[in-house]
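Each of the next two complexes has chain A plus one other chain: chain B in the first, chain C in the second.
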Partner chain A sequence: MFFHITLERNMQLHPRHFGPHLRDKLVAKLMKDVEGTCSGRHGFVVAITGVEDIGKGLIREGTGFVTFPVKYQAVVFRPFKGEILEAVVTMVNKMGFFAEAGPVQIFVSNHLIPDDMEFQSGDMPNYTTSDGSVKIQKDSEVRLKIIGTRVDATEIFCIGTIKDDFLGVINDPGATA
Partner chain B sequence: MARGRRRSEDDDFIDDDEEDEGLMDDEEEDEEEEYDGGKSGRKRRRSQFVDDVAVEDDEEDEDEDEEDDGGRRGKKPKRRSGSEFFELEAMVDSDEEEEEEEGEDDFINDAGADLPDHDDNRRLPHRPILLQEDQEDVEEMERRVKERYSKSNQIDYAEDATDVEQQALLPSVKDPKLWMVKCAIGHERETAICLMQKFIDKPDLQIKSVIALDHLKNYIYVEAEKEAHVKEACKGLRNIFSSAKVMIVPIKEMTDVLSVESKAVDLSRDTWVRMKIGIYKGDLAKVVDVDNVRQRVTVKLIPRIDLQTLANKLEGRDTGKKKTFNPPPRFFNIDEAREMHIRVERRRDKDSGEYFEMVDGLMFKDGFLYKTVSVKSISSQNIQPIFDELEKFRKPGEDADGDVASLSTLFANRKKGHFMKGDAVIVVRGDLKNLMGWVEKVEEDTVHIRPKMTGLPKTLAFNEKELCKYFKPGDHVKVVSGVQEGATGMVVKVEGHVLIILSDTTKEHLRVFADHVVESSEITTGVTRVGDYELHDLVLLDNKTFGVIIRVESEAFQVLKGVPDRPEVVLVKLREVKCKIERRSNAKDRSNNIVSIKDVVRVVEGPCRRVDVFRFAVFASAFLRAIKFLEDHWLDLFSNIHAGSVNA
Partner chain C sequence: MSTEVRDEDENAAELKIGEEFLKSKCLMNCEIARILDHKYDQLQQMSDDATNQISQVFEKSMQYVKRCSRYKNPDAVRQVREVLSRYKLAEFELCVLGNLCPETVEEAIAIVPSIKSKGRKLEDDAIEKMLHDLSLIKKFE
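So, the complex of A and B:
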């Protein structure tokens, strides 16, 4: 789920950036540092939408670095248990498939794929129903439900299921081609 | 036993006996009634004896049936007299066992104190009573019985005797001794009964009691004051060798003779056991039936039968040499057997009503072999069936409840402190089956849980064995015992009490028992180290081949061999690994730049071109990562990164 929240961070800035564009430099560095990171509490920081407040800088003794407390607003993405997501399949193997929803990697085990879908190995490994009408392969788009999340320092890993009503392939590039 | 002899010996008596049979019953009833009026405690005791008689009588029937097939008529009175005698003996025995030393001791004291009176008592129900018909004698007997048990009534059995009291009851030097007498093996009970019979026939025998223990073969115990008395009693018994020495049981050990063994082997249906002997040695088997009396169990096995040999045997052809190998376990297939002209009979088991296929005296059902074996030839302790074995046993149609069997075995192997506060549990047995809850408190075997359902008491107490841990898909767990110990992962699926976990490290499925895991947010890499070798190590298998460890199992590795043409993964035992390749070699990339460990490279050729830049941590890990992402294309990758340089 996406959230628009206010976050705080202490930024350290090198003395060489001190000058008329200090503020811009600070924001640029903030974006570089924060966007795309992941925290267990807030999830992935997708984008910074604005800087609310930059506090007074504190010069570090010895190094000359200055620490600024920065309040900023950001869009974060955090997957939750039970959440329904749309994701793109990145890899299919006999144990299930991996899909990505933005920065989040989701694994759907073959136990959580409907029983009528079977794994077909080959050039393009896929899961197919017995009548061949539905096919999950690389680059397919699926709608899935997250049943578990594991948050590391740098990534969030989820397992999902498509064994439920209205879940499964929503747009299959392979089928239309 | 010759019927004629008995008849001539006490012809009158037998007639009396038979005539009196009705009367006897009356008398007994009278007794009961009178006792009703008397102390209730005594009545209880009396009725206990009656029960005992019933039980003992049955057993005796069996024994005697084996012994002789004499005429029914002649036998009847004898049997009756035997059971009369049994009444007393059984009473003594059961007392001793139930009340442990107390009963035993009390009896001994009693007997020691006034021996003649006691002897009278013994014979009373047998002979004199039958001859006496007036009410007075019943009263007389009641008086005697009262007298005899007045003593025991003073000791309150219901209360827990203190240690001191217990001590006072232990046999002392004044009490009769216990003697161990060697007898023919397998005839212990018979010998004891013979001695009893002898006691009835010859009232001047000086022994007090005879004990045959089921677990002690080759010996019986005789209680008597002197060794000579024992020898006298044993003289002429065909099951006791005249040369046999009579050994005294030290006073200290006397109580041990009759103490109940607490280590009762809990063999019940559906438990997993392992065979201890024969060609099935070490094989997993499932108990389907237990016969406690005969100490035999029927187990279900995957047969190890060589059909060809069986066919030869049935056709009378001699195979010549004796087979030395063990046929692998395989399900029995009737059609296959028929093809080999093996006669397969279909027979109904008279007890269970199920149909079995019979081949050469062996019973088969659904491909399994049903075998009846002695309890001693199986081991039921610490059985940890591994998954492969269980899978084989599982019938395709069997639902999740099928692993109730494995459950009971698992429970037996549970560690102490299995449940902890906060654990989610589910009730697996009893009325409240399938009730979920959380552990609140654990006391020894009792677990107090807070049920999930509303409308129930705040906490409910369960036996530990009735509970099983419960997990939901998505829970992050750690495996704490079993083969996969140490691994962590997320629960993908719950199949009964088996969890399928997606391992954090390998992103592979593990199957574990719910009992073996705990909920944990910890993320471990699982077992990554065995001996000197670690996951991702480059190892030398022999002089020619090398490979990369891609998975560590217990005492074995899966090694991706460095063969340029095809992906070859082999399972290698720890001892088969020759050494680790520590050499830090450099390789050249396509433009002849030197690539060394920890450099970052990009695969530019072949189908793996799209693979992102990865750190060239160790040469080996290049394979590894590639495999992880591109199982199919790994070999192109392999050839792109010069394999030869590793070898060099």
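So, the complex of A and C:
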């Protein structure tokens, strides 16, 4: 789920930037440092939308660098265990399939795909029901439930399931609708 | 860090998403699409070489919200939030419903189990009315 939250960060700035454009420099550096990063606690920082407050700077002894506490607002994407969302399938193999929901990757193991869906290999590997009415392949949109998250230093990885009521394929790119 | 939810306790189905996120504004995909579009235009105006500044996370999020948005029209997006906010939902619940647009009461309860948890007074009739209002917005978009 996407959130708009307020975050804080201590920014270190080199003395050469001190001058009338100090604030601009600080904001530009903040965007460069933070956007696109990921932490286990707040998830992926998608975009900074505003800077709320820049506190008083503190000179660091010995280096001349100044640390500013910066309060800013950002759009973040944070997946939660138990959350149900839509995702786009990126890869299918006999172990299961991978899907993406924005910046996060979700793996759905074949144990968590309904039993009536069988793996079909070929140049477009897919999972299909025996009557062929439902098919999961690359680029399908699926609704899935996140059942586990693993947090890395720079990434969040999720495990999902489609073996529950109201989960599964939403549209099928191969079908002529 | 008392507000931090450990992975084991976290469960969106029971609305256990941590105090910090519960207090924050939660946004639907269609709302995010508008914010990111605006930001994208800003970035392009700021420099000619905008591609350098756009992170992969930004790009992927933008593609995703464009693909998985139910409402495209900004007025419809506003109406969805307005309609849903009449039902005393948590921000998180509101956004899941807005993103997934369930069609039946059972489906709504399946994707947002917390609306039926104890202490809440949302009856099936109310949920049905809410879904009906949502489908009307979609129809007249």
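One rule holds in what follows: the second predicted complex is superposed on the first by the 175 of 177 C-alpha atoms of A that agree within 3 Å, B and C clash if a C-alpha of one lies under 4 Å from a C-alpha of the other, contacts with A are read in each partner's own complex, and residues count from 1 in each chain.
The rule is short, and it goes like this: a residue touches a chain if its C-beta (ideal position, glycine included) is under 8 Å from a C-beta of that chain, and two chains touch if they have at least 3 such contacts.
It should be emphasised that the depicted structure is a prediction, and the values quoted were computed from it without experimental measurement.
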Check your understanding: Put the two structures on top of each other at chain A: do chain B and chain C fit, or clash?
Key -> fit
Check your understanding: Of the partners chain B and chain C, which touch A:Asp152 in the superposed model: first, second, both, neither?
Key -> first
**Study point:** Touching partner for A:Pro103 - first (chain B), second (chain C), both, neither
**Key:** second
Practice item. Could you say whether A:Leu144 touches chain B, chain C, both of them, or neither, answering first, second, both or neither? Key: neither
Exercise for review: Using the superposed model, determine the angle chain B, chain A, chain C defined by their C-alpha centres, to the nearest 10 degrees.
Suggested key: 110
Practice item. Could you figure out whether chain B or chain C reaches more residues of chain A? Key: C
Review point. Touching A:Ile113 in the superposition: chain B (first), chain C (second), both, neither?
Key: neither
Practice item. Figure out whether A:Phe77 sits in contact with chain B (first) or chain C (second), or with both, or with neither. Key: second
**Study point:** Which of chain B and chain C A:Thr161 touches, first, second, both or neither
**Key:** first
Check your understanding: Between chain B (first) and chain C (second), which, if any, makes contact with A:Asn93: first, second, both or neither?
Key -> first
Point to revise | Superposition-derived minimum Cα distance between chain C and chain B (Å) | key: 7
**Study point:** Shared contact residues on chain A - chain B and chain C
**Key:** 81, 146, 149
Review point. Where on chain A is chain C touching in the complex?
Key: 1-6, 31-32, 35-38, 41, 44-47, 49, 75, 77-78, 80-86, 88, 100-103, 141, 143, 146, 149, 151, 164-166
Exercise for review: Flag every residue of chain B that touches chain A in the complex, lowest number first.
Suggested key: 473-476, 490-493, 500, 502, 504, 507-509, 523, 629, 631-632
Practice item. Over in the complex, which chain C residues touch chain A? Could you list them? Key: 4, 7, 10-14, 16-17, 20-21, 24-29, 31-32, 35-36, 39, 53, 55-58, 60-61, 64-65, 67-68, 92, 95-96, 99-100, 102, 106-107, 110-112
Check your understanding: Within the complex, which stretch of chain A touches chain B?
Key -> 81, 91, 93, 95, 107, 109, 111-112, 125, 146-150, 152, 159, 161
